[in-house]
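Each of the next two complexes has chain A plus one other chain: chain B in the first, chain C in the second.
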Partner chain A sequence: MTLTAAVMSFAAVAILVTMVMALFRAARGPTTYDRILALNLFGTQTVLLIAVTGFLYERPEWMDLAMVYGLCNFVGVLAVLRFSKYGSFMEDP
Partner chain B sequence: METAITVVLFVLLLATAIILGRQRNLFAASMLTGIFSLVSAGLFTVMEAVDVAFTEAAVGAGISTVLMLATLSLTEDVEAREKKISWPALAVVVLTGGALIYGTLDMPNFGDPHAVVHGEIARYYIDRSWDEIGLPNMVTSILASYRGSDTFGELGVVFVAGTSVLLLLGGRRSELPASGESPGHERPSSRPPGKRHAHVREMPVVRTVAKVMLPYIVLFAFYVQAHGDFGPGGGFQAGVILATAFILFGLVFGPQELVRHVPPERLERIMAVGLMIYGGVGVVAMLLGGQFLAYGVFTPSHPSHGHHYGIFMVELGVGITVSAVMIIIYATFATRRPSLAPQVVLDAEDRCETEVSADDVPLVPEERALRSGADLLAEGAAGTDAASEVPS
Partner chain C sequence: MITDVLHVIGAFFVVVGALFCVIGGIGVIRLPDFYSRCHGSGITDSAGAGALLLGLMFFAPPLVAFKLLALVAFLWVSSTVSTHSLAKAAYSQGVRIENVPRKDWTIAPPPPPAAEDAVLADAASAADPEEPA
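Up next is the complex of A and B:
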């Protein structure tokens, strides 16, 4: 195992540990904003995990995938925030 | 290392599912489903099912969260607590679950090399698809050419889903609010009423970021659409990403604004056009003397070129229909008046109670004749106005 691969493996382990902690926070709450933050963090960790594993498996085209995750996570979190603030998606001018 | 990552992700998936099942707050549950789909998409990626992971990421993490929240905005966001257990329902669930578990016993083990899919069929695709079709991404060859009829059926399912949402919810779409007048939303809600009249224009950061991102999202959708032959992606994924751009627009600038720019009446037609392109390619192949969706007949001298044209057109049809359906589902849910849904629920409860009371409470004979069960049913079903008058 080369040095870079060792570093990447360590990064993958660290990301998985962070995912477990984020899941714990999403499950426990206690407030809505803890959960929203956990969801956002989880999405970011997934993007990183795919980037790292794509490097480990030598599949650079997985970066496309990581981009979709980042994008969809952004839209998802935006929807959650909007819902938590206004309670609906209707526009009430 | 790979096995370790896979095992950890599976444990995370299981933990998320258990937490999700125990969650009573539906708002938290919809966020947990987002996490569930992120984990499963990561799992698909690690297991090198990249196209599936692509779809799961686009649909699960983005669109389905938005659609679930849109549904929550029409109903309550706390699950009703059932006091008593319904034994027939429990029996049905146990039986169905038992049958499904019994069915999995016949399935091959995970990663079994002797499973049918790893036998002749996979060998055939791996050996022949490069010569016959010549696309670097074998998944696209299988999806759009070898199993083209299956994909046609799947697209039909997407189309039916969009049509059903339109039939169920589209009719009572709320009108565009007149200038300076807000539609009265009387909804029993725990949230303070003033907050909902705040406007998204107060969020300049989000607006600016969305404006910058929108063209790139659309560009990325076109890239995924066109690049599906060479890398992960294709019509389904591109359609969902394109729809994500429109949904982002709707989230930031309001669904009414989205509907104003992209009228659902037009989307309904676009939705059908995609399916017709897909079916039309098949019919053209038949008219040229081939079989349905056998693209080789387009260019008899170079059958693989014909496959490329056919797959391109078919993927285009998929992308058009999927994006139109996704936008239409979001627009239909998001522009529906929130005040309708709880009243409909109230309506049903009241109807049950009134029916019981009509049998139990002794009425004067003439009155009983007048208030027959049919009348009560009609009254209960008459709509939202009647519901508020019936005592609960």
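Up next is the complex of A and C:
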């Protein structure tokens, strides 16, 4: 096993462990905002996992997927925040 | 030779970033309070993602390294914005800190020092930190 494969495997396992922790907080969190925070953390970890997996399989083109997923995650968190505050996506504040 | 050196430097940064990710995840589970959990998530977003993607740049060809740099810049902007708006929304909806100091001055601002004693007593009763969510 080369150095690159070993390092990327370690990073992927660490990121998966962090994703499990974020899911635990999303399932347990007392308030809605804890769940949204865990969702944000899970999305960031998914971006990192896509990047690391792209280097592990020697397909660095997956970086485009990671960038698109980061954009979707940001917009999604803001949309869920707006929904939790106003109760609707259409209503003007 | 120079490629091996670059790979060793990149491996160091990747391992440090992965450890920061795990530390932030432990903080999100273990910390007692919503705003402290924001700190744990911020560790993962800034230090973990930053160091990990910076380490991946040492393994990448130049175009992919530029994509990684753009990804780091976007993550550092968007995660701070989303965490700030999340904390602001939680505070406006009544999520409060546990184990606060005696007076939470963000609920009622402190009275001016020249105020009379009655005004001080009113402000103290208005700033009740035991207000439920």
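Here is the rule we use: the second predicted complex is superposed on the first by the 89 of 93 C-alpha atoms of A that agree within 3 Å, B and C clash if a C-alpha of one lies under 4 Å from a C-alpha of the other, contacts with A are read in each partner's own complex, and residues count from 1 in each chain.
The working rule: a residue touches a chain if its C-beta (ideal position, glycine included) is under 8 Å from a C-beta of that chain, and two chains touch if they have at least 3 such contacts.
Given the structure is predicted, the values throughout are model-derived calculations rather than measurements.
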| item | value |
| --- | --- |
| Side-by-side fit of chain B and chain C on chain A, or clash | fit |
| Which superposed partner A:Phe10 touches (first chain B, second chain C, both, neither) | second |
| Partner chain in contact with A:Leu23 - chain B first, chain C second, else both or neither | first |
| Superposed arrangement, angle subtended at the Cα centre of chain A by chain B and chain C, nearest 10 degrees | 130 |
| First (chain B), second (chain C), both or neither touched by A:Phe83 | first |
| Chain B versus chain C as contact partner of A:Thr46, first or second or both or neither | first |
| Which of chain B and chain C A:Ile36 touches, first, second, both or neither | both |
| Which superposed partner A:Tyr57 touches (first chain B, second chain C, both, neither) | first |
| Smallest distance from any CA atom of chain C to any CA atom of chain B, in Å, after fitting | 6 |
| Chain B and chain C footprints on chain A, overlapping residues | 22, 36, 38, 64, 67, 71, 73-74, 78, 84-85 |
| Sites on chain C touched by chain A in the complex | 7-8, 10-11, 14-15, 17-19, 21-22, 24-26, 28-29, 34, 37-38, 41, 44-45, 48-49, 52-53, 56, 59-61, 64, 67-68, 70-71, 74-75, 78-79, 81-83, 85-86, 89-90, 92-93, 95, 133 |
| Residue ranges of chain A touching chain B (in the complex, touch as defined) | 9, 12, 16, 19-20, 22-23, 26-27, 29, 32, 35-36, 38-39, 42-43, 46, 49-50, 53-54, 56-57, 59, 61-62, 64-65, 67-69, 71-76, 78-80, 82-93 |
| List of chain B residues in touch with chain A within their complex | 1-2, 5, 8-9, 12, 15-16, 19, 27-28, 30-32, 34-35, 38-39, 41-42, 45-46, 48, 50, 53-54, 57-58, 61-63, 65-66, 69-70, 72-73, 174, 177, 182, 185, 189, 191, 195-200, 206, 210, 213, 217, 220, 224, 227, 231-233, 237, 241, 244, 247-248, 250-257, 333-335, 337-338 |
| Footprint of chain C on chain A - complex, ascending | 3-4, 7-8, 10-11, 14-15, 17-18, 21-22, 24-25, 31, 33-34, 36-38, 40-41, 44-45, 47-48, 51-52, 55, 60, 63-64, 66-67, 70-71, 73-74, 77-78, 81, 84-85 |
